[in-house]
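Once you've had a glance at the structure underneath, I'll fire off some questions.
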Amino acid sequence: MPKNFDFIRVSEQDFNVADEYQAMTHANPTDGAVVFFVGLVRDFNQGEKVKELTLEHYPAMTEKSLASIIKQARERWQLGRVRLVHRVGLLNINEQIVFVAVSSKHREDAFSACQFIMDYLKTEAPFWKKEQTTQGDVWVESNAKDTVARERW
Amino acid sequence: MPKNFDFIRVSEQDFNVADEYQAMTHANPTDGAVVFFVGLVRDFNQGEKVKELTLEHYPAMTEKSLASIIKQARERWQLGRVRLVHRVGLLNINEQIVFVAVSSKHREDAFSACQFIMDYLKTEAPFWKKEQTTQGDVWVESNAKDTVARERW
Amino acid sequence: MINVLFFASLREKMKTDSLQLETIENETIGELKQRIMNSKEDWQGTLANNVLAAVNQEMVGDSATLTDHSEVAFFPPVTGG
Amino acid sequence: MINVLFFASLREKMKTDSLQLETIENETIGELKQRIMNSKEDWQGTLANNVLAAVNQEMVGDSATLTDHSEVAFFPPVTGG
């Protein structure tokens, strides 16, 4: 596997954190730091009890958008491998939604890039969540905090 | 497992990221965000080719120090579970040294707390690395960048 | 022709996931929004606020201009991750 | 008595991992460092710079005072993680 390797997958299939971690560290003796983020379905959001969640996306645009976010992160920090997996379709409570991992020689770079990728993903990548709640189906509203989080970079 | 659960282990034994991740997320439907850091032995440090590394610590103080760092993180951010595993003894290239994971309802809190814990661990927890390099055995010098990283909090 | 796609809550509001429209030379995204909203009673106001746009799968502002065969997408603020 | 521990490169420089010393009332960490450095030719300067101290497993500065049965540790800046 090349040193600076981007991996992006958008899929209905669940991911396995152990396998993803293995892919980050296997035969990678130069990167001393790996930072991961996993986002999961919460049981409460915006005050309603969530039963399950459907993730819609814009297939032709999604991977292009994620690749562009990773490219921007690589321009800002010295990164080794980057892996990004995002689920679509029907998800239950506590299921995994998104995995972002970044390896680097420097932990500071790995932390910053992982957080940057999540902040941009939250505000630019074409995914939309619809929650099936005890009060009926509701499209999740975008969060002003996410826009603020993005603006700092 | 209680919601706000701290787990600390200092050991010669390796850790398994999949098991640690499982312990963070199992029966934890409220925390939508999990951030992990893994530190690994690099093949180069401070210009020398590293063959292996020995981690010494101050056993009576180590866990006390780590618990105090986690306590400080909990005072600053709203956190769910925190897990911290640190190896001691002899380690080879690419072996895992440290694992820090933080779960939270909010990804911002999880990222900040994980980074805070690593920054403090790097400057306060009583561990010392001695590298066996092609140029002989050398104690690793502390890094001014780590002190700077800590000062920002 | 240009191909216009709608996603998520906007698709539900529009009651369609796509439209095929004539190309108008140098039309901007802002003008296209107006054209769509004016074309049907039920669509009035649907694209006025809080709608993002992409042309050929890249996010653009209202001043972006369209060319023949552009793929235009309109959607609400994204909520992935 | 107070128990003094040395770790890592400092242990190697001191050529010992611990000392048992008489307690001196109200002695500070700074004064203890001097006392140790003055007690043996080979130890001159060893604790002068870039040495951290802990009393009863908590980091302290040079002005901290010692009581009987304190466990004092001296060590170089830490390099874990």
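Per-chain residue numbering starts at 1, and chain names A, B, C and D are given in the order in which the chains are listed.
Just so it is clear, a contact is a pair of C-beta atoms (placed from the backbone, for glycine too) under 8 Å apart; a residue touches a chain by one contact, two chains touch by 3 or more.
What you see is a predicted model; the values in this text were computed from it and never measured.
*Asks:* Just to be sure I understand: going only through chains that touch, what's the smallest number of steps from chain B to chain C?
*Replies:* 2
*Asks:* Relative to chain A, which chain has the most distant C-alpha mean position?
*Replies:* Farthest from chain A by mean C-alpha position: D.
*Asks:* From the C-alpha centre of chain A to that of chain B, how far is it in Å?
*Replies:* Taking the mean C-alpha position of each chain, the two centres sit 22 Å apart.
*Asks:* Taking each chain's centre as the mean of its CA atoms, how far is chain A from chain C in angstrom?
*Replies:* Computed from C-alpha means, the inter-chain centre distance equals 26 Å.
*Asks:* With chain centres taken as the means of their Cα atoms, state the distance from chain A to chain D in Å.
*Replies:* Measuring from centre to centre gives 48 Å for this pair.
*Asks:* Counting only residues that touch at least two other chains, what does the list for chain D look like?
*Replies:* Residues 81 of chain D touch two or more partner chains.
*Asks:* Two or more other chains in contact with one residue: find those residues in chain B.
*Replies:* Touching at least two other chains: 39, 118.
*Asks:* Which of the chains are touching one another, listed as pairs?
*Replies:* Pairs of chains that touch one another: A-B, A-C, B-D.
*Asks:* Given the complex with chain B, which residues does chain D contribute to the contact?
*Replies:* 5, 7-9, 54, 57-59, 71, 73, 75-81
*Asks:* What part of chain B is in contact with chain A in the complex they form?
*Replies:* These residues of chain B touch chain A: 16-18, 21, 25, 28-44, 93-94, 105, 107-108, 110-111, 114-115, 118, 145, 149.
*Asks:* Can you list the chain A residues touching chain C in their complex?
*Replies:* 39, 55-58, 60-61, 64-65, 86, 97-98, 118, 121-130, 139-143
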